[in-house]
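Below are two complexes that have chain A in common, paired first with chain B and then with chain C.
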Partner chain A sequence: MVEWIKKVIPNVYIYRKDFITNTLATLEMFIISGIIAFIIGLFVGILLTITKKGGIKQNRIIFHFLDIIINILRSIPFIILIIFLIPITRKLVGTAIGITGAIFPLVVGTVPFFARQVETTLANVSDGKLEAARSMGCSTIGLIFRVYLKEAVPELIRVTTITAISLIGLIAMAGAVGAGGLGDFAMSNGYAMHHTDIVNVCVIVLLIIVCIIQAIGSLLSKKTVNRELFRKKVL
Partner chain B sequence: MFKNKLLSFLSKVCLLVVIISVFTVFTGCSNTKTLKIGVPNDGTNQGRAIKLLESAGLIEVDPNAGYSPELKDITKYLYDIQIVPTKPELLPSLLDDYAACIINGQFAAANGLSPSKDGLLVEKQEEGSSNPYINVIAARTNEKDNEIYKQIVNAYQKQNVAEYLLQRYNETYYPAFSYSEFTNDESFVNEITNYTSSKENKTVVKVGVCGQSNEQWKAVQKNLDDENLNIYIELVIFSTYNLPNEALNSKDIDLNAFQHYAYLESEVKAEGYDIVAIGETLIAPLTLYSKGSNSLEQLKEKLTKI
Partner chain C sequence: MIKISNLNKTYHLKDKDVKAIQDVNLSIKEGEIFGIIGYSGAGKSSLIRCINLLEKPDYGEIIVDDVKLCQMTNIKGQDKLVTLSEKELRKTRKNIGMIFQHFNLLERLTVFENIAFPLRHTKMRKNDINKRVHELIDLVGLNDKINVYPKQLSGGQKQRVAIARAIASHPKVLLSDEATSALDPDATESILNLLKDLNKKLGLTIVMITHEMSVIKSICAKVAVMEEGKIVESGDVYSIFSNPQSDVTKKFVASTSVLHHVDDLLYHSIIQEDKNGKLVKLIYQKTTVKDAIISEVSRKYNVNVSIILATIEILEDAPLGGIIALLQGNIRNINQAILFFQNNDVKVEVINHGRVD
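Moving on, here comes the complex of A and B:
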């Protein structure tokens, strides 16, 4: 087996330690920044939904403020965003390099995208359901947790999957600040050094990661569709 | 029923993930004793940076690796350091975070760093044909005796190009051809920088370069125009070092001028390009910088010896 690896992918074998470190770095950045971005993004998305015109807690100031911030952050190319955020990152976490320094820019790059996706998803929850819940005495918090989030679970899982996969793409760019990761490893140790095998193996590993995320997302969203509701409708 | 099971399963997974991530963050913090040194992440500069760290006495490199060593060719770390390849243009703004950085002249100059004032160690590059880090103009092998290309090389290796390089790109670029003494003159630099030429009725030669610091070609164009050679140089600007050689080999451009002998040699060997150097242009040394250390000795005191 080892002989075979040495023959087919010699450079990956030479850099095997770095390869494993960088694979773990990609997963670490993905998990940490993914969790933080999920929580903040969900919160901002809900805030957008309830404060917009005709929402359950209409508030023009908050809505327009968030709207503009999201548009600004989404229009900045990610590599420029990293550079802009270097001083802020340094103040927040003490360093602007490595995995620690990459997580903050990754969160800032993901949250606006995810918040917009959440907003779109929650907009699809029908007003009739909200009206019904409210007439039964549901509070604002109740409306958010019992109606909006509950009804939109399959869709939320689907948009989370989309955001997660785009986050994998962003991580490759975050390697620019010395955070490592598979994308950066493929670039600086593979492509720049003419080690085509390293590039290929990195792409295959990333492909596997993306496939796993997509499969989990599809499965969960299929399982969480409110089947009882559908059955009642048919009867 | 299924939903409840699924939710409890999901919450368990989330909890596990949080625990793992907290664990990794904490273990990551305890490893911060190893100081990081930032080097450019592109093929042409990474090898040079490793060579520079060797001459600084921080690492030992396998002598068989030649002029373009890789990370794998480092045989021994003399100090407890980690070499981190980073995007070269970001290195000046990350000086606060790395223990030290090796920075290309043009990016250092753009951020107000000067090799003689701020640098701890400047790459030694003497003039002479034995230096593998002299930048060259490259052409396809079957066209290396082309008369037009020879005229361009001649127009490059002139006194005014040398003067322009030394004044406009102070301490970043040094001419790799002979020139005589001169006195600094700002109006001369402005005259060249604002020089424009039209390509009407001229032979257009496409020259591939990397980055924006290539204004010296305006001086070359001026020399060509002064001699009425009817040659127009059209600069094609690339952002990565791998592309200009591929473009030259596949006839998208006619010449390129961005690389040194060592990189040209490694590209030809790895990719089988049929290209060759036809003239020497300039020398662009790398410099080791560090915030908080004024000399190499001071930097070494901060590092742990192995």
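Moving on, here comes the complex of A and C:
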């Protein structure tokens, strides 16, 4: 086995330690920035939904403020966004490089995308359901959690999956500007040193990660349509 | 139970204002099934949605079960609409159930959970919720569907779930906005029967919005006819429909009566002009249905009466009859016969001079 690896992907074998560290770095960045972006994005998405015209807590100022910021952030290419954010990142976490330095720009790059997806998803919850819940004396918080979020669970899982996959892409890009991770490894130990096998293996590993995320996402989304996962039967 | 005074609501669109409700006054008694009928765009939904303040009116006062949901107050010389606080409003809404044309069930909840929805997150204990939901499922007859999702139900069954959910917290009033409009005739009838039952058993006051005359006929005692945001006529179903005043009401009445086939007969020249006859529509009411008034007229005034169309309907358990007949004979006798009908509580409308081929 080891012989075979040495023969087919010699450079990966030589740099195997770096390879493993960088794979773990990618996963670490993914999990940390993913969780933070999920929470903030969901929150912003909900805010957009309820403050928009005809929403349950219509508020022009909040809506337009968020709307404009999101549009601006989404129109900046990520690679430029990272550079643009360097001074702020430094102020916030003390460094603009490494995993620590990558989290902030990753979150800023992901939140607008995810928030928009959440907004679109929640817009698909029919007004009729909200109206019915309101007629039963449901509060705003109740409408958000018991109607909007609950009804949209499968769709929310779907857009979370899409966002997670795009986040993997952003992490690889962040690697190119010194964040570490597989992107970085593929650039500096692979491309720069003409080690094609390293580039190829990095691509395969990223592909596997994406496939796993997609598979988990699809499964959960399907299983939650009728809440097969956590349902209690009443006798 | 419900009192609406001087209600007004205008929607401001970009290019124009739509006066959806104009000076509406209504008073609905406890235990009544009150119908509001009108064509599309008449403002029925806007009106019913004001009753639980899903829609905020511009002007007017609404009282439901002695609670003032909104009223006009003079602030610094200006009339301002003041509504209940958000919290009070939520409490009041528990006393006003509502059902909709498209059911609006939560798709990711089972029948059981849908019905339990309004009871959760209240002071009610879990066991009591369980008990209440089972009671409701019994009441609407869905015992075998308890763990089923709405997607697996027929329209009629969905509306039963919606009804159970709407009355879960023991409201005194049920608002129904076209609740049977998406259902086939069988399901419509069974839902109407269920509502009638609930009205009798629980003393539930029901406000029924519809554009179908048959719905009003089968369960309402009182009716208001709406057109362009205004109530053009209101009263008990029997008197409104036996003696319609406005054009809209007449159109609604005609829509369900076979008597309007006379127009077809005239159109296809099956009935034709004749100087010696008069085509009349006779509407006779509770008191006169049983009398042999036709043969009496025929004998007394020496007129031939040929009956072309006849119908009888039961409204509020009382008969309402209608006949299209051709009266032939001496013109003076015919006029006297008509006078005799009128003196005997039979409404007479002369349709055309005619003769049946």
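FYI, the second predicted complex is superposed on the first by the 224 of 235 C-alpha atoms of A that agree within 3 Å, B and C clash if a C-alpha of one lies under 4 Å from a C-alpha of the other, contacts with A are read in each partner's own complex, and residues count from 1 in each chain.
Convention: contacts are C-beta pairs under 8 Å (C-beta built on N, C-alpha and C of every residue); 3 or more make two chains touch, one makes a residue touch a chain.
On a predicted model such as this, the values are computed, not experimentally measured, just so you know.
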Following superposition onto chain A, is the placement of chain B relative to chain C best described as a clash or a fit? fit
Does the superposition put A:S135 against chain B (first), chain C (second), both, or neither? second
Tell me the contact category for A:E28 with respect to chain B and chain C: first, second, both or neither. first
Mind working out whether A:R90 is in touch with chain B, chain C, both or neither, as first, second, both or neither? first
Determine, for the superposed model, which of the two partners chain B and chain C contacts more residues of chain A. B
Applying the document's definition of touch, where does A:F104 land relative to chain B and chain C: first, second, both, or neither? neither
Touching A:V177, do we find chain B (first), chain C (second), both, or neither? first
Look at A:S126 in the shared chain and tell me whether it touches chain B only, chain C only, both, or neither; answer first, second, both or neither. second
Which partner does A:F19 contact after superposing on A: first (chain B), second (chain C), both, neither? neither
Contact-wise, after the overlay, does A:F113 reach chain B, chain C, both or neither (first, second, both, neither)? neither
Can you pull out the angle centred on chain A between the C-alpha centres of chain B and chain C, to the nearest 10°? 150
Look at the superposition and give the distance in whole angstrom between the closest pair of CA atoms, one from chain B and one from chain C. 10
If I apply the document's touch criterion, which positions on chain A are contacted by chain B in one structure and by chain C in the other? 224
Using the touch rule from the top, collect the residues of chain B that touch chain A in their complex. 2-3, 6, 14, 17-18, 20-21, 24-25, 28, 36, 38, 41-43, 46, 70-72, 84-87, 90, 93-94, 96-98, 241-242, 266-267, 270-271
Hey, which residues of chain A end up touching chain B in the complex? 14-15, 18, 28, 31-32, 35, 83, 86, 90, 95-101, 176-178, 180, 184, 187-189, 191-194, 220, 223-224
Complex interface listing, chain C residues touching chain A: 52, 54, 86, 90-94, 96-98, 100, 102, 104-110, 112, 117-118, 120-121, 130, 146-147, 149, 162, 165-166, 169, 175
Interface residues, chain A side, partner chain C - complex: 126, 128-129, 131-139, 142, 146-147, 150-151, 153, 224-227, 231, 233-234
